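Presented sequentially are two complexes of subunit A, the first with subunit B as partner and the second with subunit C.
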Partner chain A sequence: MPIGTTDTPMPAAQAQRPPVTPLSRGRAVLASEWIKLRSLRSLWTTALAGFGFSVGLSFLVCSSFQSRWHTLGAQAQAHFHPIDISLGFLQITSLFFGALGALVVTTEYGTGEIRGTFVATPQRPLVLAAKALLLGLLGFGLALVTVSAAFLLGQSRLSGAVPHASLADPRAAGAVLGGALYLTLTALLGLFLGVLVRSTAIAISALFGVFTVLPVLVNNLPKGLVWRHTVPYLPSNLGFSLWHSHIEFLVRPMPAGSTLALYVIVTAGAGLALLRTRDG
Partner chain B sequence: MNAHTVQTVPAERRYGLRARLRATARSEWVKLWSVRSAPAVLEATAVVIVVGALVLSSGYRSGWASLSASERAAFDPTYTSLRGIELAQLFVGALGVLAVTSEYGTGLIRATLAATPQRTQVLVVKGLVLGAVVWVVSTASSFGAFALGQRLFTGPMPHAALGDPGVLRAVLGGGLYLTLIVLFGTALGALSRSTPLGLAALFGVLLVLPLMVNLLPGSLADRILPYLPGEAGAQVWHVMPPSPRSLGPWQGFALFALYVVVSAGAVLRLTRRRDV
Partner chain C sequence: MIEARELTKRYGHKAAVSGLDFRVEPGRVTGFLGPNGAGKSTTMRMILGLDLPSSGSVTVNGRRYQGMVWPLYEIGALLDARAVHPGRSAYNHLHSLAAANGIPRSRVDVVLEQVGLTAVARKRVGGFSLGMSQRLGIAGALLGDPGILLFDEPVNGLDPDGILWIRTLMRSLAAEGRTVLVSSHLMSEMALTADHLLVIGEGRLLADMSLDELIARDATDRVEVRAVDHHRLAGELRTLGGEVTLEPDGTLLVVGVDSATIGELAAAQGHVLHQLRDVTSSLEEAYFRLTEDSVVYRAPVPA
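Let's look at the complex of A and B:
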């Protein structure tokens, strides 16, 4: 309340303010985190780039299968699965969503804004919870739009002799939903990874390492005992279980989803522990 | 001899091209080693190459019995022991990108270019210093990884010796490949001047492009894949070509070098025009 517009002395004005309850603080933190989230330009460019990339790749892949269908051998035709083919972009789109989550917090560390945030709300776990909640909701919305649009555009390219699927097919709807869930969990993983490393460069390199290099490196190793107990639990392979129909040696979709969620929770716990003990 | 010539003669000697190159190289050397990240990244590179050999070679060793005859025939012991390079290229590439972008991020670039207004020279010397350091570290690590891997391939498994055809070339190729990766990263960092953009561009080209191409129908993917920068460059550290369409080791390496030269050329042209 500006001084001079009222006769009430300052102490009385302060006394009139409603007391801070956990609920009102939570609402205030959510409001300020939402402002920061929505005004972060790199978040929206990343989301837009991820959308364009996914839709474009699905279009390209399905179009080239449509135009080259007659040149494929009988075996390749028999193995063709329209849902898996049009959702293949998910292997790469996870990078965009991971980066999106990491940027939410690493940009704040980069600019030093994080200090202002923690001065305003010294309850650091509350800040992180608000970020995670908003990112989870926003991320799921973006993921669902991206995956459905890419799926629909891809399927629209497949016609004639080429098998195609529609969202009315429960398997297709399940795969799209599973893909969206995978991307959302990846975004949350990126957020907590960002809290751990506090640097955009390290977070992005780590995401590329975990989601694109590790699977290429170990997926084709001989499938011995050690392989069966480790490789299927890579985040990218758990994601694969969520949207792909042909998972062979990998984990079933339900346990895969919960394992991925467990990773998010463990990373969140580690981030929280560091956040409470570290300066800034 | 008047005062004028007394001043100019030593000045020319002091600021000649060779002296300036030496001074630039020294300042780039100081900049590389005075941030904590560079030694840490180089150590991580060496560790990842050697640990990669350990993990992958023991993976094949323990699962050898379950492989089919065709998988056994396609097994390349040299390449398998060197595959830590695939992970190491992340570290080395990030080192190259950050060598430029972190200067832009902190504003140090202004001091650098005020001290040496010959911008082309700064970038070339930076590349040479980084390339030399990375070549030494990654060549030594490749030899270590090769030796470790071959020790693990025992019994019925084929193993390679440095005297076998193509093996020495592949082990040396590991160091050469990573040297080109750091130069590629430097060029893309200088083009983008932004850490996230530079990293995304480098890793996008090296790691995401092959994944994208693999989604295409088989015949189309086979035709495009050999010409991608990472795939072409990697041929130099393969002993057996991964597919019949793969380029030869030096052919592929030359193509990758061409990609790097083209991006470096673009940077050198742009860097003289752009404001800092």
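Let's look at the complex of A and C:
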């Protein structure tokens, strides 16, 4: 290491300091966050678990429909929808993606590493933006692979008299894309929730409550005025609208997608406000 | 250079740090000394922009930390050596820090070599001993080859080899002209490492002076005398203007008369002496006197 001996050292690394432009600053933060993301083992194990669960469930559900098709009544057969059936795993897989998003930031709070992150980059909103961008891209990639693989494997089990779909069917492609979008938005929601609560356990419990427990409690209540203006807007039901064929009372895919995105943006805003004022 | 002006941090009604004024100058090791809970870590977090001051300010090279674009070229810090994701390798940890400031990847290898972790660079940090974690933390601080270095309790939990290594490193960094601020609650360690001291107690600055000054300021140099007829000797020393304390075991503690005078007096008066010894106050004693005052009076001792 080059070393100066004067009172004001001018070490060699100083000469290579990058220019002060928003672009170079943003690129540096992205590079740093990407190194952390790809070396975060719990992220990859969660993604792998989510993949295994989705593919496995789709396989099991479709296989059982195939083998028991003749035992179903005529009405059940008429209502059978191969796309909806093979994508049912999404109701649980959203949890894996929510957890995956939360882990990106809660592991840093849990270990205290977040302080090192903010010492290196005092521009905290930039750190969160970089995390969100990378998680959005990576999450969408993982989600698309997971949902497509599960869909294809599920459909491959359906044959003969059992209706089946292929990705060439625009409705099937739309459902797979909608499902991947749902998982991506859930991951982002998990990230910003993680910023708010700073704890993996709390973030995952909250996701579990909102995405899994709450719908079970309220979805089948009498569909009065209050129900119709609240329950369809639960994140899990908005997600449902994104991949499932339309059912009465629920929101259409386009408004469902934008409302879910709005939730993500509001949570991001709250996280950002806290991040700027909170002591690290 | 680090400069604090009226730096204050309150949590609710309790002030963790109040009205700190100090400058940390380049070219020497400045020890940041105080008991646990005195506000050292809070001050360091404010320097690094992690905590916001309730009032007052602290600047690094004349600027607020939050406004620095590439801070690691100017300042490096070791806060908590264990604050690294345990599943990540040492190399990836340093690489992500370097990338955040556009520091070339080659620096990662350089600092790993410098702290002696090259052999375990690809190992997961979770398996590191505390000493290795401290070295990794220091490697992170050195990444940008910064002119200012901050170390929070760097020798905590280290074995003698590790302590010696850190002490030597800090001294050489200061000798290169860098600004080095190191916090500790271990007075003995500071006596060996620091040139200059900032002493705080209960969030207030108690002293801002060189090590020698601090010891000299409270230099109540005493002479310890053990004599067969200590009562008679005590009386004679008092007539010479000495302040004499009689310990339970018969030892006399004398202030105001030096050992040579006492020896001559003893010879002239026919005393039998068993011991005649100069006692100089240590940094530890000076420190205890300072912090003791802060607890009793809850007011700053003029620096």
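Note that the second predicted complex is superposed on the first by the 262 of 280 C-alpha atoms of A that agree within 3 Å, B and C clash if a C-alpha of one lies under 4 Å from a C-alpha of the other, contacts with A are read in each partner's own complex, and residues count from 1 in each chain.
The rule we apply is simple: a residue touches a chain if its C-beta (ideal position, glycine included) is under 8 Å from a C-beta of that chain, and two chains touch if they have at least 3 such contacts.
Because the structure is a prediction, the values reported are computed rather than measured.
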item	value
Subunit B versus subunit C as contact partner of A:R115, first or second or both or neither	second
Partner chain in contact with A:V145 - subunit B first, subunit C second, else both or neither	neither
First (subunit B), second (subunit C), both or neither touched by A:V226	first
Subunit B versus subunit C as contact partner of A:S42, first or second or both or neither	both
Touch count on subunit A, higher of subunit B and subunit C	C
Which of subunit B and subunit C A:L72 touches, first, second, both or neither	first
Touched partner set for A:V20, first subunit B, second subunit C, both or neither	second
First (subunit B), second (subunit C), both or neither touched by A:V29	second
Shared contact residues on subunit A - subunit B and subunit C	42
Subunit C residues within the subunit A interface of the complex	26-27, 45, 48-52, 65-73, 77, 79-80, 82-89, 92, 95-97, 99-104, 107, 110, 114, 140, 142, 144-147, 175-178
In the complex, subunit A residues that touch subunit C	1-9, 11-14, 16-18, 20, 24-25, 28-29, 31-33, 35-36, 39-42, 107-108, 111-113, 115-123, 277, 279-280
Subunit B residues touching subunit A - in the complex, by the definition given at the top	52, 55-56, 59-60, 62-64, 66-67, 71, 83, 86-87, 90-91, 94, 97-98, 195-196, 199-200, 203, 207-208, 211-212, 215-220
Subunit B-facing residues of subunit A, complex	42, 57, 60-61, 64-65, 68, 71-72, 76, 85, 88-89, 91-92, 95, 99, 103, 200-201, 204-205, 208-209, 212-214, 216-218, 221-227
